[in-house]
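In what follows, chain A forms one complex with chain B and a second complex with chain C.
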Partner chain A sequence: MGAIPFRRTDQPVSQPSLWSLSKKLLRSVYRSYIFRVTVQGILTLWVVTTCTFYMIRKMPNNPIEVKIDEFQTKQNLTYEEARSKVAGLFDYDPDAPFIEQYTDYMGNLVQGDLGRSITTGRTPVSQQIAKYLPWTLFAVGLGLLISFVIGMIAGAAMAYWRGTVFDNVMTAFASISYGIPDFVIAFMILLIGGIQLELFQVGDYIGSVDPEIKAGFNPEYIRSLLQHVLLPVTTYVLASVGGWMLTMKSSTISTLGEDYITVAHARGLSQRRILFGYVGRNAMLPLMTRLAISVGFVLSGSIIIEYIFIYPGLGKYLFEMTGKRDYTTIQGIFLVTSAAVVISNILADLLYGVLDPRVRVGSK
Partner chain B sequence: MGFLIVVATIPGLVIGLLCGLVPLGVGLRHQQLKWGIVGLVLCALAGFSFSLIGGFIMLVFTTAVVISYAFVDREDPFTSRASIEAVNFEESQLEFLMRQMAALGRTIRQSVRALIRNKAGFLGFIGILFFVGISVFGPLFVEYDGDTHVERLQPGARTLFQKPSSEFILGLDWKGRDIFSHMVHGGQNLIITSIEAGLIATLVAVVVGAMAAMIGGVVDQILSAIANFILTIPQFPLLLVLASILSFSNRFYLALLFAALSWPALMRAVRAQVLSLRERDYVQAAVALDLGLPHIIIREVLPNLMSYIVVNMIFSIRSAMYYIVGLVFLGLVPLEEPDWGVMIYVGRQQGAIFNSDGASMILSPVIAIALFQLSLILFTRSLEEVFNPRLRSGL
Partner chain C sequence: MAGKEIVLSVQDLSITYLTRRGRLQAVSHVSFDLHRGETLALIGESGCGKSTLNFGLMRLLPKNANTETGKIVYTDRAGQKIDVLALNTRSLRKFRWSECAMVFQGAQNSLNPVIHVRDMIYDTAKAHGLNNRSEVRERALELFRKVRLDPERVFNSYPHELSGGMRQRVLIALGLLLNPQVVIFDEPTTALDILTQRSILNVLRDLKEELGFSSIFISHDLAVAAEIADTVATMYAGEIVEMGPVNDIFYEPRHAYTLGLMEASPRLSVGREELDGIPGSPPDLVELPTGCKFHIRCPFAIESCKTTQPPLEQASIGHIVACYKSSEVLERGKELRSVSSTARVARLS
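Right, the complex of A and B next:
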């Protein structure tokens, strides 16, 4: 075939061109935003894991000691008896060298294995997290969503009717909501609503779902689920809606002053189109980034709120496991929550580019 | 307990009164008796609550204000109608001091006016003063009730908890102790620790942020990387684990720990601000004149950042209080009575949540904390006006 001599003569030229092509590709990969951010994220997670690994193991008392204490006080065993009993229960050797523990853990982690929980019968940590995470996601996510939507609408309305009685009342409410810490709201709901005014039976609303109701997609279960999530979600909404309202108000006010809004009025566009297409869209931009960032902190939830309402979420679980010194579980929860923060930060950056065409044009 | 314990003392009152003689004397000398007496009262109060430090600072401030009312700028020698030989160009040391004091006094008067002008901010200021006043002066009037009082058990009641009554205006806690006395005695530690934590965090953030922005290069990259790294880890879980590792006997270490975890957010903001200020003409001019880094940071950049920093310091104090109460409430900090956080923790442990008689034990500190935090937030509005040179000069 005629192609063979052609190829043979061309070879010394095509070789470097292929090389330079791949070099070019590599360079563009290296320069690309996604690549850099991913490497940065992985590095951050590695440092987080290493630091927490070191820190956690420096805590006074290890899981064995805590359990021995518990046995000694609860079952009146001597130290030796308790020790042998615990050694049979736990799959953890506190005397193993630190480096060895670290390399073991990292080796498993690279393969996607978070290890096994020390104190809760050797269940895999990933399984434990999968068990508690949905609760937190449900409560905090729902709270975040509701407060975000209410905050956006109310904030925009406050900016539109600024200076009126409506605006003043709402701003006062938003300042109070923003100023008061969430656990204060939680206690007020419980103590004033539940105990003093007896609006509801506290016992029915705290804790997890009734154990008697079978889990599944049936109306009773869903009703019970919603009933128990009501108080935490109300707390989250009341505590965070003020911040969203104030941010949205100031963002909308600054958008209303822009030249293109005046131009849109001058062009005789309908009020509705200006509000939704011009003001709303632009005022929302800075809030979307904040939303994406706060989604990252959804996972860590609110330890205090979950603790007050005895809600079976990840935050309360982390608190319990810290008390028991369950190293692998604490480690796993930290890794997952930090990863969520890293990922949501990246997403926030990307999202901004998608939502705001000006950023996209500017970066090119 | 923090490094600073503030309780009103009688020697402090004497010191304050002695300090107050200075503005009074100056006021008498310059026919400003009204302001002299105001100065005396303020000095006495400041000395009473913060002894020598408070008394001395108040002495300087009030004297400056009195002088600013009395002081009239001497005639400008260059516009003087008298013959040029007759004008004295030299300024005596006393005149120089008076001029400086008058300038300071005018600044203080403008600040106070700005503070009062914003109603919401002033309300916050009054709220803060109220809580600080109660913590400082309250212990003089209300005795701490730390013993168990079984004899206060009401007939028919199963617990010592008691609803608010005319004898005990906030009711009794689980040991039959007066909740009001705990409220008066228990706020100080928390407030001081929060202020310490907020101050340290702000200081670190401002120093590191300004350094990163002004030096730039590798230093900037490393400092920013550390800040970003700390921001990645969810704060409260980390604080929770660290607090149970270190299990502090001293609250001051808790403040330090809070500062170590919370400086990055403000540091990034300060860095961004300084980066943008650095490009302004007046800073460029200072750089061109080679005035040195300390001068540029302190004289050119900081005054423009001041309102931003002060407002963030208040926010920092607020979140420090949130975290500290949270840690106490979870039982991770050694419990020291009396303390508002400990009241919440113990109240919950002792079933005050389910007992309508005991609700006051949790509600009192919770409402106090809420009001204090609300006051802080409101106060920031005034602070913005006080520290923003453009807003202030418009008065």
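Right, the complex of A and C next:
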């Protein structure tokens, strides 16, 4: 007698059926990381959209009332006169049932249509966003980049020379930067730098570009772009660099205390190699989540900074549209912003895996 | 070990830490010679200055530490004498690892978690001017084989993919990469289970025989020290209080503290349940007691122990001890041993 076979040979081996193959495929799709985060992301966006949809309609006033108010005060009309005037302007019925408005909106949304603006002559919301988004991306993106890089380097240096005068001065600066809100810094730059000390002509630095210069890839236009973005970027950097510095400093300090740094010194590695390959790479890890969130919020801009410097970005536009209660536009900007946060978080997860092999995504 | 050439000579080394409470005397007036191929075990309680001493030898002390007095003289293979404390940053970097390497305790954290083991090998080689990667790779794989690791797999792993014992072996292989003359082992087996500990010790013994490096072995585990060492030094409160050949120290301890350590270690082969610990705790290193630092906890202490510090004196060949009552300690040790002689022999063999 030989060993008992696991499968009796007199029975035909069944071929894997199409059904079991597709079941297998479905299972592997279900288990895949990309699939899971995509579903999670879509769910998040749906919840955000629904909540904002409800909440912005619960704000006092509606687009019609706001406009009526405006006509009444500006043109000295009676309520009735203003009302009839506004009725012809807007294609929006504030008295439609909430659930109907919601299903209409969601129906369009799944087809990729963000709807049309209520108050600005029925322009598509996507077109509006496309118009204002580049400015914000440019200003806030540049600010974030500068702020992050400076914060990294300064924070690491503060940790490296901790306890020295350099560290104390920088820590004090960082705490102040961390503590003062961005709009205060913006006002200080304008009022002290521009008006009190007359270091620059305020008019030359606010707004988007000099309208007299032709748009295009020419030196004057680029100069004008940079000139007008200077103050918003400076404000953003001053307001946010402190946070990066302090986080990086504490992260670096704890990394410097790790055994592998001592071992690296004992191995006779060069200062440079230790600083970048051993301290830097490990100290950066905890900052990646924070960076992802900041990158996500780049899109919504820095509302108040843009508003103060009259910079035509998405933030300022959102502020204006909120004033007018332009529901569809507000909704669209919120959706794009939350999508950006969700996507950048997914990217951060993937990037984190590249930087830290211990949490490589998808590995079992 | 007498007659063999001296590789590392430490003379009158004192190291203090500047703390909030004042100057902390971590190592005081330590002198010893390490010969070629010799293994010196440093034993003592936690906080007695073993690790500080070894970090001091490689000048890896934190910024608040200060080497007050002493000299560390290292003799390289060409016979050139190197004054370690006088090395500038550049030569110190070259000296570290190529002449004197260190295997740290806590292998869990000794490897950079975000890079491959191979990159740590290449980094080390490159820092010492070895740029031929395939040669370095061959050398590393050979060492991995010697420490009984699966060479290819480990070479291409991340640290977190290895077990604690494997990481400790990687560290040992990494320590031997540049073929140093002196390797310091700082409690290399402390965080490991008993079986892994055993296999690491076997690996170490084989490697030592094969490569002939000298080593300083820090341990608070007397069984481990007894097994691996040629010479044993007992440290208490930053001082070497007794030093001698391994058999002398274990069979004929002459310092009350060494005897206390022996009596405090468990023996598997004896039925006795209770262990004689050493009463009290190590002294405050900021405000050291006068006289012999051990007198407060010492059952043999006499009046002069409290006021004057006993000098290190020659007791037998190669055996020095700093204790006024060394002959009484020796007698007491013999008495105790006759009670449990079989047990001790079983332990040390």
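We adopt the following convention: the second predicted complex is superposed on the first by the 336 of 364 C-alpha atoms of A that agree within 3 Å, B and C clash if a C-alpha of one lies under 4 Å from a C-alpha of the other, contacts with A are read in each partner's own complex, and residues count from 1 in each chain.
We adopt the following convention: a residue touches a chain if its C-beta (ideal position, glycine included) is under 8 Å from a C-beta of that chain, and two chains touch if they have at least 3 such contacts.
Being a predicted model, the structure only gives us computed values, none of them experimental.
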Chain B and chain C placed together on chain A: clash or fit? fit
*Figure out whether A:Arg267 sits in contact with chain B (first) or chain C (second), or with both, or with neither.*
second
The chain contacting more residues of chain A, comparing chain B with chain C, is B
Touching A:Thr247, do we find chain B (first), chain C (second), both, or neither? neither
With chain A at the vertex, the Cα centres of chain B and chain C span an angle in degrees (to nearest 10) of 70
For A:Ser175, is the partner it touches chain B (first), chain C (second), both, or none of the two (neither)? first
Item to check | First, second, both or neither for A:Leu318, with chain B first and chain C second | outcome: first
After lining up the shared chain so the two structures overlap, which partner does A:Asn282 touch, if you call chain B first and chain C second: first, second, both or neither?
second
Tell me which partner A:Glu258 touches in the superposition: chain B (first), chain C (second), both or neither.
second
For chain B relative to chain C post-fit, closest CA-CA distance rounded to the angstrom comes to 12
Chain A contact set shared between chain B and chain C covers none
Listed in rising order, chain A residues that touch chain C in their complex are 258-260, 262-270, 273, 277-278, 281-282, 285, 355-358
Residue positions on chain A within touch of chain B in the complex are 44, 47-48, 52, 55-56, 58-60, 175-176, 178-181, 183-184, 187-188, 190-192, 195-196, 202-203, 297, 299-300, 302-304, 307-308, 315, 318-319, 322-323, 330, 333-334, 337-338, 341-342, 345
Chain C residues touching chain A in their complex are 58, 60, 93-98, 101-102, 104, 106, 109-115, 119, 123-124, 126-128, 158, 160, 171, 174
So, in the complex, the side of chain B touching chain A is made of residues 120, 228-229, 231-234, 236-238, 240-242, 244-245, 247, 322, 325-326, 329-330, 344, 348, 353-356, 359, 362-363, 366-367, 369-370, 373-374, 376-378
